[in-house]
Amino acid sequence: MPDVQSSTDLRHIPIERVGIRGVRHPMLVAGGDGQPLPTIGQWELTVALPAHEKGTHMSRFVALLEKSRTTALTPALFCDLAREMLPLLNAQKGDITVHFPYFINKTAPMSGVTSLMDYELTWVARAAENGVAFELSVLVPVTSLCPCSKAISEYGAHNQRSHVTVTVALDDLSSLDIDGLIRSIEKEGSSELWGLLKRTDEKYVTERAYENPKFVEDLVRDVAGQVRKLPGLTSYRVQAENFESIHNHSAYAVVEG
Amino acid sequence: MPDVQSSTDLRHIPIERVGIRGVRHPMLVAGGDGQPLPTIGQWELTVALPAHEKGTHMSRFVALLEKSRTTALTPALFCDLAREMLPLLNAQKGDITVHFPYFINKTAPMSGVTSLMDYELTWVARAAENGVAFELSVLVPVTSLCPCSKAISEYGAHNQRSHVTVTVALDDLSSLDIDGLIRSIEKEGSSELWGLLKRTDEKYVTERAYENPKFVEDLVRDVAGQVRKLPGLTSYRVQAENFESIHNHSAYAVVEG
Amino acid sequence: MPDVQSSTDLRHIPIERVGIRGVRHPMLVAGGDGQPLPTIGQWELTVALPAHEKGTHMSRFVALLEKSRTTALTPALFCDLAREMLPLLNAQKGDITVHFPYFINKTAPMSGVTSLMDYELTWVARAAENGVAFELSVLVPVTSLCPCSKAISEYGAHNQRSHVTVTVALDDLSSLDIDGLIRSIEKEGSSELWGLLKRTDEKYVTERAYENPKFVEDLVRDVAGQVRKLPGLTSYRVQAENFESIHNHSAYAVVEG
Amino acid sequence: MPDVQSSTDLRHIPIERVGIRGVRHPMLVAGGDGQPLPTIGQWELTVALPAHEKGTHMSRFVALLEKSRTTALTPALFCDLAREMLPLLNAQKGDITVHFPYFINKTAPMSGVTSLMDYELTWVARAAENGVAFELSVLVPVTSLCPCSKAISEYGAHNQRSHVTVTVALDDLSSLDIDGLIRSIEKEGSSELWGLLKRTDEKYVTERAYENPKFVEDLVRDVAGQVRKLPGLTSYRVQAENFESIHNHSAYAVVEG
């Protein structure tokens, strides 16, 4: 049976990344409480292909993914997966990206009732012969309340759900605390969100947001102030998007460093 | 060249609807100001297929769509298109659905500056030998401000963007005023939205919403009160979804009649 | 603290459904192999609200959801959840919908290698005082190969990924076999799909599709033929959408019964 | 009325980009035939904000957008818009991005019938005091037919819709021909797509794809070969995603230069 992928390519064009994308697979993440958290990942696995090789071997990516699904993944084990991919694909460089919902059990501020909040995490591992670079993104929804609206109005102030997305590159994973990072981000909203709030909590949340107005500019600056404290940080990006309650579009800001 | 679609089918299963879907095409809509409004439609065109026919002729749907694109469509002309489709496809029944963004030029409440607001319209025409039934859906974004949050809090009240979606079946299109319908829906929000607001407008909008709190239940009831007044109405559905600023999920309500 | 939701409403408009939507929550499904399958659900929980009641109590929906998440849900237990919701919300009628990815471990046709395939399930339970009605939808991706293209071409035939979505209402859940239903649907594609295929499998799949051409009309008819055999079936709908490889739109068909 | 945005910020954190996002607005594009093509844009307009400024003035972005909508935009006029934004916002740097569907009237290969094909364009203009950098992305859907599947099978070969996305940075817009670029990209698919095909065309397209098999690696290499010829090119990226008809995931490749 001919092996077309293994033939020689004469176009002299190396391929930065080739592989599979949009693979939906169950996965286990090592949760903040030490328990494996089952979730569903959207995976992309690619390798660099030298100019003289015609094609990669797509089925080997899926086989690697199948093997990994009973392991409770940490960022470090995820980097190992990228490292392991290189010899399987005879590649010098390779990247794995996974995007998945993540949950933290939160306690309401007054009533003490508990409920899950959902976040979105993305992990990227870029493996080369000299090591693996790791990047983490987390999308944290918060409330933002407009300082201008508050200052100019007799009463009330428009507020809305906002998405804060923090992306960090880290050269030391040993002290990475994902739950801690998420909590430090949501503390910088006008208010944080909860899945379940009783009336005493709703009063607290409403007043807290009113006492704590923030522009989209304030959100990215204050979150950047927290992110800069992360041990092992090599670069970061903080984005915030406010789904404005008075417009049909968003306010948006980015700080990078 | 064999015509497989035209052969006889022996499975004795009639097909309710078969055709094309997800066709993106430029279109002209007759706007509220009498000017043709250019927009982009997502089209679905289908016909009923009797049990003994193997297949329909897909290319004829696209040909019909090509012909229609220089006409400024009204609901009545859209119904004509569905009527015209039946003989082209040798069909007894056929449906056309188009979904498109729609724009109204609005004037800010205090400063008087003008800007566009965008809405989403869906038109459905269901043609049969005895006539064409027409259905209109419109998605109108508004602000909702929570009455409970206002009542229990010392100051402030959580508010957010909400989507109000009204679907109406009408047996008389002669007095249908789409801009008027949209305006009557957005008046029932805690506040309506604008693309462009100056600071005096923002003060107005903030105070207006605070003076006019509405639960998702209030939204659907108040909008239903308006919709019921439409001439020629045979049935309706009002949905509202509030993208809660204190949770990461929505409040949602439906009234039908 | 005032309880605004519990006040009396004077608009005389009952609300068909009001509650929460877009709640993302981890869940356990009783898998075909008897093992609980962890997945992530998108939930909507609503109740009917009589004309004289101003509002429902949103937080009770979330509390119910929190309670359910450690149970491996079957359709029957899911119906129990809807039944349990009615007294919690003081409601006469109430609906729960959940949409989630579902996985089956499949064996490649020639090499015998195993891998997961992902599907999308939706469960709907509609509870009233006289019982709970259950509806299941499943989206199954398959290959479709065009009979016309095969018949008129010297060699080759265009083929593409297709989504077959089957919705069934059942009045007897005792013999419902979701994995069996999915497998019976995918057997009706020109070919079924797998996550992982070796070259011998790819040869098999390619030839199988070429030997077995189907229009979108054939897909819905043949799948309907399978679905009609389900015990306890009260109504069904079969939809197929072919993401045509020769166009930038889909062919689409629906059979209902 | 206080102007909170204009107060002084003490956090010493400059903001890379702040503005509005997700604004949907009608627009005119100068089409390949010299006629203005009406379409709908998704806009993002942002500026850099120095560390000592608290906030930008969001409403000025919308005002700029309102002004632009009756102009048939070329890439050069779009760059002018970004240049014009800087003094309006008192900014040193600013970016505008717009994403919109674009259409070309194509002629079927055998029958000669004409129909529209839809593509997606993204334009980015990055203005600074020393000039404006322009970047263009275009998403072109094509057919890809698998060389391995063809080589190992007795008959047939799996094929599918693929998205080829080309991103180019150009320092000379004078000879930019968007329609020509799109046409040169789609020629590199196993076959190009059309909105409307008669049976003689379908035979041509089927046989053409079978005679011209391409891996995702071939697609990006062959398209890169075309893109490299563009006058004024400073950098490029070619991505291809094949929505595999035998799997429920994509094959994906990227070439950069």
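Per-chain residue numbering starts at 1, and chain names A, B, C and D are given in the order in which the chains are listed.
Assume a residue touches a chain if its C-beta (ideal position, glycine included) is under 8 Å from a C-beta of that chain, and two chains touch if they have at least 3 such contacts.
Labels paired with UniProt names: A, B, C, D = GTP cyclohydrolase FolE2.
Computed from a prediction, not measured in an experiment: that's the story for all the values here.
Student: What's the fewest number of moves from subunit A (GTP cyclohydrolase FolE2) to subunit D (GTP cyclohydrolase FolE2), given that each move must go to a chain touching the current one?
Tutor: 1
Student: Based on mean C-alpha positions, I'd like to know which chain lies farthest from subunit D (GTP cyclohydrolase FolE2).
Tutor: C
Student: Same or different: at the subunit A (GTP cyclohydrolase FolE2)/subunit B (GTP cyclohydrolase FolE2) interface, is the fraction of residue numbers used by both copies above or below half?
Tutor: same
Student: Using Cα averages as centroids, what's the distance between subunit A (GTP cyclohydrolase FolE2) and subunit B (GTP cyclohydrolase FolE2) in whole Å?
Tutor: Here the centre of subunit B (GTP cyclohydrolase FolE2) sits 35 Å away from the centre of subunit A (GTP cyclohydrolase FolE2).
Student: Counting only Cα atoms for the centres, state how far subunit A (GTP cyclohydrolase FolE2) is from subunit C (GTP cyclohydrolase FolE2) in Å.
Tutor: It comes to 28 Å between the two C-alpha centres.
Student: Where does subunit D (GTP cyclohydrolase FolE2) touch two or more other chains at once, residue-wise?
Tutor: Residues 1, 23-24, 118, 148, 152, 195, 197, 199, 203, 248-249 of subunit D (GTP cyclohydrolase FolE2) each touch two or more of the other chains.
Student: Given which chains touch which, is the overall layout a line, a ring, a star, complete, or other?
Tutor: Per interface graph, the chains form a complete graph.
Student: Subunit D (GTP cyclohydrolase FolE2) touches which residues of subunit B (GTP cyclohydrolase FolE2) in the complex?
Tutor: Answer in residue numbers: 1, 3, 23-26, 37-40, 59, 62-63, 66, 69, 101, 103, 113-116, 118, 195-200, 203.
Student: Which residues of subunit C (GTP cyclohydrolase FolE2) touch subunit D (GTP cyclohydrolase FolE2) once you look at their complex with the stated criterion?
Tutor: Listed in rising order, the residues of subunit C (GTP cyclohydrolase FolE2) that touch subunit D (GTP cyclohydrolase FolE2) are 117-118, 141, 143, 145-146, 148-149, 152-161, 191, 193-195, 197, 199, 202-203, 205-207, 209-210, 243-249.
Student: Given the complex with subunit D (GTP cyclohydrolase FolE2), which residues does subunit A (GTP cyclohydrolase FolE2) contribute to the contact?
Tutor: Touch residues, subunit A (GTP cyclohydrolase FolE2) against subunit D (GTP cyclohydrolase FolE2): 1-2, 4-5, 9, 11, 13-24, 44, 46, 49, 54-56, 58, 147-148, 151-152, 215-218, 220-222, 224-225, 241, 248-256.
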